[in-house]
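Both complexes below contain chain A, partnered by chain B and then by chain C.
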Partner chain A sequence: MEARFLLGFLLLLSLSSFAFAIYEDQVGLADWHKRYIGKVKHAVFHTQKTGRRRVVVSTEENAIASLDLRTGDILWRHVLGKNDAVDQIGLSLGKYVLTLSSQGSVLRAWNLPDGQMVWETDLQISNPSNSFLHVLGNVKSGRDSLSLVCNGGSIRAVSSIDGLVVWKKDLSIDGLKLKHVFQPPESDTIYAIGFIDSSLIALYHINAKTGELLKHATQASSVDLSSEISAISSDSLVALDTSRSNLLLIKFMAGTITNHKLPLSDIVQDFSGLAELIPTKSNDIFVVKTPSNVAFIKVKGDNEIELIGKADEAGIVSDSLTLSEEEQAFAVVHHSNNAISLQVRINGREALTEGIKIEDHRGHVKRVFLNNYVRTDKSHGFRALIVMEDESLLLMQQGEVVWSREDGLASISDAVVAELPVEKEGGVSVVEVEHTLLEWLKGHMLKLKGTLMLSTPDDMAAIQAMHLKSTERNKMTRDHNGFRKLIIVLTRSGKVYALHTGDGRIVWAHLLTPLLQSESCPSPSVLTLRNWRVPHRKALQENPSILLVGRCGAGPESHGFLFIVDSYSGKVLETQILDHSIAEVVPLPLADSSEQKLHLVIDDKLNAHLYPRGSDALEVFVREMANMYYYKVENAKEVIKGYAFKKGCSTGSSAYCFGTRELWSVVFPSDSERIVATARRKINEVVHTQAKIMTNQDVMYKYITKNILFVATVSPKAAGGIGSAAPDDAWLVAYLIDTVTGRILHRVTHQGAQGPVHAVVSENWVVYHYFNLRAHRYEMTVIEIYDQSRADNKDVMKLVLGKHNLTAPITSYSRPEIATKSQSYFFTHSVKAIAVTTTARGITSKQILIGTIGDQVLALDKRYLDPRRTANPSQEEKEEGIIPLTDTLPIIPQSYVTHTRQVGDLRGIMSFPANLESTTHVFSYGIDLFYTRIAPSRTYDSLTDEFSYVLLLITVVVLIVAILVTWAMSQKKDLQEKWR
Partner chain B sequence: MEKGKAMARRWAVDFSDSSSSSHPTVADPPGFARSAPDLDETSGSRQKKDAEAAWKAQKAWEVAQAPFKNLLMMGFMMWMAGNTVHLFSMGITFSALWQPISALRSVGKVFEPYKDPKVDLNAPRLLFIALNLGGLLLGMWKLNTLGLLPTHASDWVFSLPPAKEVEFAGGGSPFY
Partner chain C sequence: MERSSALIGSIFLLISISCLINPISAAASGSGEGYSIAGRVKLDNFVTKGFGLGHSPKLSETKVILNGGQRTTFVRPDGYFSFHDVPAGTHLIEVSSIGYLFSPVRVDISARNPGKIQAALTENRRALNELVLEPMKDEQYYEIREPFSMLSLVKSPMGLMIGFMVLVMFVFPKMMDGVDPEEMRQAQEQMREHGIPSISNLVAGRS
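Right after this comes the complex of A and B.
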């Protein structure tokens, strides 16, 4: 009996084990991972005859990647930190990629084939500014080659082999800005040209091996110089003056400088406005972009200049490409409607023109990088890498798009979830059913073999393949479990993508802002997206749709616009340019008769505009208006203000426009507190119960309200990075504020703590993460909030008879008596994002999803963040699942949701419920995307994919046979008994 | 109980059968004297009936007391099972509840074989019922100690949905 007791206990223990993990062969069953690089800003081709052809790119997301030129796949990729923007990349010695980053202060070398970092040098630049990198071709000190980094008035020569600074020359002249460094072939002298205070031109001769200053000369310029230059040959360069209408041709032969002013209007006939020099390194040719066109200009002789080519103004010009000593090529790309024309000009003459049709959702061409290859007949072929407006990357070659990458997905700014269409009834043929049945049986036989360890490696491969290509998960229809959904994401470029949760493929993608571009809306940009219509019982026939909100200009007073987009197809249903600005979009928990959600758009004059515009929407809102409030967090002013709505607005007489009336404000003392983080509950979060049952059968009532705002403030001294303040000067104050009344429900001060603060609010609790300066560790604190005013509801008889006030509607104006329970723990990691799992009914226990510094997502059971934890829990508490208190939250390697994957530069985690209560979707995004489904309390309401149906079937059959046999035997025995 | 009942009935049936179902037309086998039992039918049968009644009463009391042993056994099992909710303790508790209930349901049948006009079955029946009720109470007590009886406020509010809120406030940091 004791043994059974023990067995029972063990069973219980095994059921409540905390770790959540998957087996290796389950990777990719429910999850997918997509890698991107972001918007490309530099590209260097590496196309030697042997080996893989590749292009090394650096992006706005601070990533460096090597792409396969044939397929566009990422060969390797590194994501530098947020503050480590790449300034320039270059190739050195044919095997290293050099990157200059952090405003020219860090130089790194990466091994070209595999992306390993070879060396890193901190150049210790005192005033990081426009630095540039120049890789010297032919300075060979031994087998080494030098790279020059110029910054202001100093030059550093760095060895390409080991990254050591070989020499350093500080020209120590105030206002000197070096512009160009070059080295004539077969020479040991480097020429450095710079401008001093935009009026003097300075030339320096420097020994390339030692850095010794050999000679220098300065000359006053005839015009004020701007910063744009273009080097046109080994001894001359072109600069623009500050008025951007005159060119200055500078020649520096034999230690003397001559400059010659050339008005642009002399060269380009119909010139007006501001010109722009396109940086090139080319043979006596430079490119000037004027508002009306792009001009290719050749320098002839001493001061002669000739216009050799023109292209119209919309053209995007690539960097120059050196084909041979005499030949320089440029690419000019034009974009019209849904076609790109690529024009390659060699020495200004048109050499090749190709037109390509591309999808119209990519927008305009933003950048182009040109590369050439030698055809079998020794002529030049060209390929161009094109960056589009939606940040996608295309490779064009021989008039077609070889590959394209949707790198816009690396900069997701917002995401919502939409349902897929309902499956049509009927239409499945018998043959299909038989076929799938056969497949199904075959599959399960294979699985059974796998579980019985009878399978061959071939079978194993077949099982794996079957798992991955399971058609069920990729269907374009809604499923019973709610596993298939659309994740609709908005990217920085304003493009909207719909991703399928099955495999992450793009169902539709649209760049909507070009549709709007007009005089009334000069530079549209999308701010956010929301669910507009979520079909429910009443309007199941309607397609779900989403709302995109944006503004037409940069300032907060520019007019806004709305798009309503069908979630199934991405079709634009409605476009509206608003006559007011957009400061905030407030989704209300109300819907009109066709299930369109009511939204209030708050403008910069604090008027609220109701959308959708319809009489029933207006009616619904006006009925509820007295109970609707708006609050505004003003980070800069350290103020939170609350408003009520009133009829009639200040700017117009529209019935849909409402005024606001300030009700309350919470002003934080700006000399001691600064808002660093706010968090609130998700508006659509479902809570199952309001009661929390303690171990001793006692009940605590949760204080559940959607109108609670968590605000964290830190002392101004500690507002900087960690280490900027002493523990005595740093404190963090956490507030819980009721956003209806402005009442501060709870306030707690953490002495010696500072940000960054990440917080998540759910049900009746807040979890936040910050740095503890005294302990030198990160800390996490949980605050649970309970309602004391309902605590008296403990009479069983009254509860049985229903005589209690627990279901009565609650209002924030009745004075809440709240009690909080709180506990803090150390946490090893710093945190990039924090979220909480949400399930359909809120029954399943919660997990906190933490984006760690390693770009992974960690699922931490809420039970670890339970204020009731004690060091020595009693037997009952243990049985209830209370974990003994430890000072540190454990990080269990199996509980990484992202298993071995990394979501580069993780920025957000999103959890949304499936129809199955046990399961929730987790979507995390950064440069990469990662999606998976997790079950915080295991899949208690469904059989897993791993469940062997065949084994069950066999068991059932065996049991039936056994029953039949024993029945027959007993019959026989009975008969014999009777005959006896 | 079951066995006792069956034996009693067979005995009784045999007895009446042999007296009623013998055919007068069929000759008795040689050496069989029918007159012999008929002789002391009046005095002998009464004596026998008295003995039977006494036996029945005794048996009925025995049957009535049987649940007591059960009770003791259950008590011991419950003590062994402990106060935590798991498979074993649940099984014990539910069997402790089920046994008295099923016994109480068949209380008529249990005492049927001992039905006799001369035997007063009410007292054993009451004892039987009382003992089984005791068993039921023991089971209930166990159920309560396991925390499975809805006697606390928590058992009535555990799935109470949160109350509706009257107000709604939306907002946040404006776009810049």
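Right after this comes the complex of A and C.
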């Protein structure tokens, strides 16, 4: 009953606020937003002009960005579509950034200062393949400059001003692959060199202004050509053969082609293995990278080459940088232990060597981009942009790291939450107290001014700054409200970061895979992370720790490994290479005596391996084994299978290895259904009450089970994207399956609907989002499940006589009668991710967190997705908070938890409870990160930061004054009365 | 292979009876595989107010998304955008621009009648003659602070407390005035007898 009142009270409270909203000056109070770009794959420097120096980069996250070269800040950034990978970037006319993407079929120009797209050209390439972009320097038809895009055997010349295709030349020769285009200075002729079927070399002369083919010649090559070439001067280039051990020097002069084969072993003495050509631009020098060293080779006269320099260790070499007509520079970067040495070589000679210490959690150097600047004494200085193994980006100049960016955080694949250490008791000095008191008073005076609308813009700024630097929220200790926590994230590169919820700073970071790299584990990659130890009762003195699970190779049968990492410090506590593979990690709701959580690692042969390895863990598991079940969704076969565990496994005799026994399977007809989405309840979700009171004082019992699995299937014809299926060919079937028994609790078909399906399951309901082809709009459906077997518990007599089943546990072993209620609504946007708020005790009403196509996160009250909504709710229903039914779910701008921020390329939303029941943490990630705290029913259990203590003080003072005045007055009156 | 120069012809969705110089609308250029959808995003009519400090929405941040993310393009400075090589069928175009709410647009490319394109807003089923996308409304992500007013201060719990105090202070004595002093004294005597101390006495520290 108490709960009911409480709920009613909460409803009343929340009625007043339909939306979560913040004031503009509260930005940054509880939230933070970090922008990243991802792993850089191309970089172009723009440093010639005076003004802002910048570097334009494109990344493997399909982002292009302009970074300030002084600070590393993002000046502008765009994230292209997921199928729109950038192939090449270039600068044109000194003010446009050109990007070639989608395998050479889309060319876009972006304004360099502000990132506005200027034009976009679809090159209508019939067979997308390796394309390249060449910006012509000096063809000036008018004031325009042309950019050439070569793809296979065709060349397109695109105007840099407006993106129009000026001319198009299809050389229409089968098997022709153009490799290189160049234009001699002060000439109107373009030379295009290509290979035909790796045996012929072809040369074309093309008029730069019209695209007219002037001349062409072919020549048989003496070796089989590979795809790697390096252009070394205006009339020669170097290619590698398919065995990667011979060089071919190709010269083309006056319409004729000569080629000359040069075995690499003649030039580089101790050559063995496979060589690699580093692309260069000109000046008779090219770079060959062999497994043992890097060779700089110069071409002298006809058919003669000479080794002019050698870097002994195999380092990472940058593209060439032309300093002048004569000089060309390369950067060679070596990495050893925790130091990087950058060597700049001009024409193969060593010009500069700089060493630098670097944090060892960054791994090896992956890429380097070199840029120069002219010092005041006219000598050349160099800066290098370095991409590390953990995908971070560093700018190195004069032996120092000028700035670094943790761009690995752009590719988060998994995240868990961990607690911070408990605060140690310690004395606080009087001075500190005085100081803080003064600050506190000052702050509140400012706030009061703010609320009274008297503050100047300066004061506003001061308030904002005060909020941001508040030390309270950034402390490294646990707080009473549970606002300060660590978010531990795993990125694609295998690096683990711990982020502080206060300001998003990195508390610790570790790249773990290099620790494992060995013969037994050739290419380790981390798959997932889990909470391993969450001490709360018995093992409080132990630090919490997390478990990282990964694979040693690419295939599913390769051996697994696991790490246990201390979540306070990031220290590796345990490393283990397993003797079995890893298909899935199943956390169990059990823990051993030292609070280590039990995990089952399922291998590819469906054996279950128990971790941690310990006798008490084994004892705990064996005791509960009869009640443990596992299910597996086989997407390719359209089957879901349920398993139980049995002693003894098929591959070994370890006591910790268990076999599985198939219990049930649900087979979907593969000619009419494809599994597109599954969802289940969070394992640690807390539900406050099973009962739900209806308007007519009736009680409905929620069917609450952790074993519910939501599965959505679509018709095979509708399995593609929107636009590929007709409404009559499309249907979507939603199932609710009990994962212990395989019983299908509910099944519903939506005709004319298709994916993508995004679903979230919580308490006794599921909400899913899909596309309705008939209305051509997105739809969201809610299904709520109620337990009918408890419905007749309303009889008072039965309750008195004890003939009720309220105390019976909810179990999948019994087959209760269930009833479902469902309702569908239109929803405006496409959805990228969906989640639900979770609170500590599950009392607070829920909000559904929807990641929209605009990369924002919308908090939608669950009351909008209530099957009891009707068009004309009765008075009682209105009082209970039922919203009149509308066909579309409302989008209230104030309920975007991300307010004006966007989480670029949003991929996931995570909600985890604070200790305060009203409040929940929301962490969303994509290329960007965004964190905030929200209170779905407002903060009813604590005073908000908004609470004006000064106003309270003033009130108290006024009251005291009033009391004194009345006292004085009454005394006076008393006196008068006595005189009377 | 030389791609067919057969631009079967730009058929405009509607032969716009236009005094516009540039009557661009959803135009289809049919060529073997796909069609082009071209349109324009218009933001000019919307003056943004109450938007974040230094976060004025920019056209450069505006994205146009086909079929829930299959393809993404950006708008040019003049608001134009286009998708090429789109197969016949019914498609969905969404515009993402922070600060504005756009309705998704349903675009039908007819397979039987090559090049015929129809467009309609899905939110209100309004057919579009030309593919000019305008925001339905601008979005304000922040609550607007109520300007300071005496009323809001009075309405606050503390204001109510003060108000009640004032009431007690000034109105109750007035009410007392209306009472006959003799009766008043009697009442006070009675109260004393019953042991209920009057407030004034309590404060004055006498009984």
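Methods note: the second predicted complex is superposed on the first by the 929 of 980 C-alpha atoms of A that agree within 3 Å, B and C clash if a C-alpha of one lies under 4 Å from a C-alpha of the other, contacts with A are read in each partner's own complex, and residues count from 1 in each chain.
The criterion applied here is as follows: a residue touches a chain if its C-beta (ideal position, glycine included) is under 8 Å from a C-beta of that chain, and two chains touch if they have at least 3 such contacts.
No experiment lies behind these values; they were computed from the predicted model shown.
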item	value
Partner chain(s) touched by A:Trp76 [first = chain B, second = chain C, both, neither]	second
Which of chain B and chain C A:Met476 touches, first, second, both or neither	neither
Partner chain(s) touched by A:Lys702 [first = chain B, second = chain C, both, neither]	first
Partner chain(s) touched by A:Ser812 [first = chain B, second = chain C, both, neither]	first
Chain B versus chain C as contact partner of A:Leu438, first or second or both or neither	neither
Touching partner for A:Ser724 - first (chain B), second (chain C), both, neither	second
Shared chain A surface residues [contacts with chain B and with chain C]	none
Residues of chain A touching chain B in the complex	1, 4-5, 8-9, 11-12, 527-528, 551, 556, 582-584, 586-589, 600, 602, 604, 624, 627-635, 642, 678, 680, 683, 687-691, 693-694, 697-699, 701-702, 704-707, 739-740, 793-796, 799-800, 806-813, 875, 879
Chain C-touching residues of chain A, taken from the complex the two chains share	21-24, 27, 76, 78, 80-84, 108, 111, 114-120, 122, 124, 126, 170, 172, 451-454, 721-724, 726, 756, 771, 773, 775-778, 828-830, 832, 853-856, 888, 891, 893-894, 896, 899-900, 902, 951-952, 954-955, 958-959, 962-963, 965-967, 970-971, 973-974
In the complex, chain C residues that touch chain A	1-3, 31, 36, 50-53, 55, 58-60, 63, 65-77, 81-82, 84-87, 89-92, 94, 96-99, 101, 103-104, 106, 122-123, 139-143, 145, 147-148, 156, 158, 161-162, 165-166, 168-169, 199-200, 203-204
Residue numbers on chain B that touch chain A, as the complex places them	80-82, 84-88, 147, 150-176
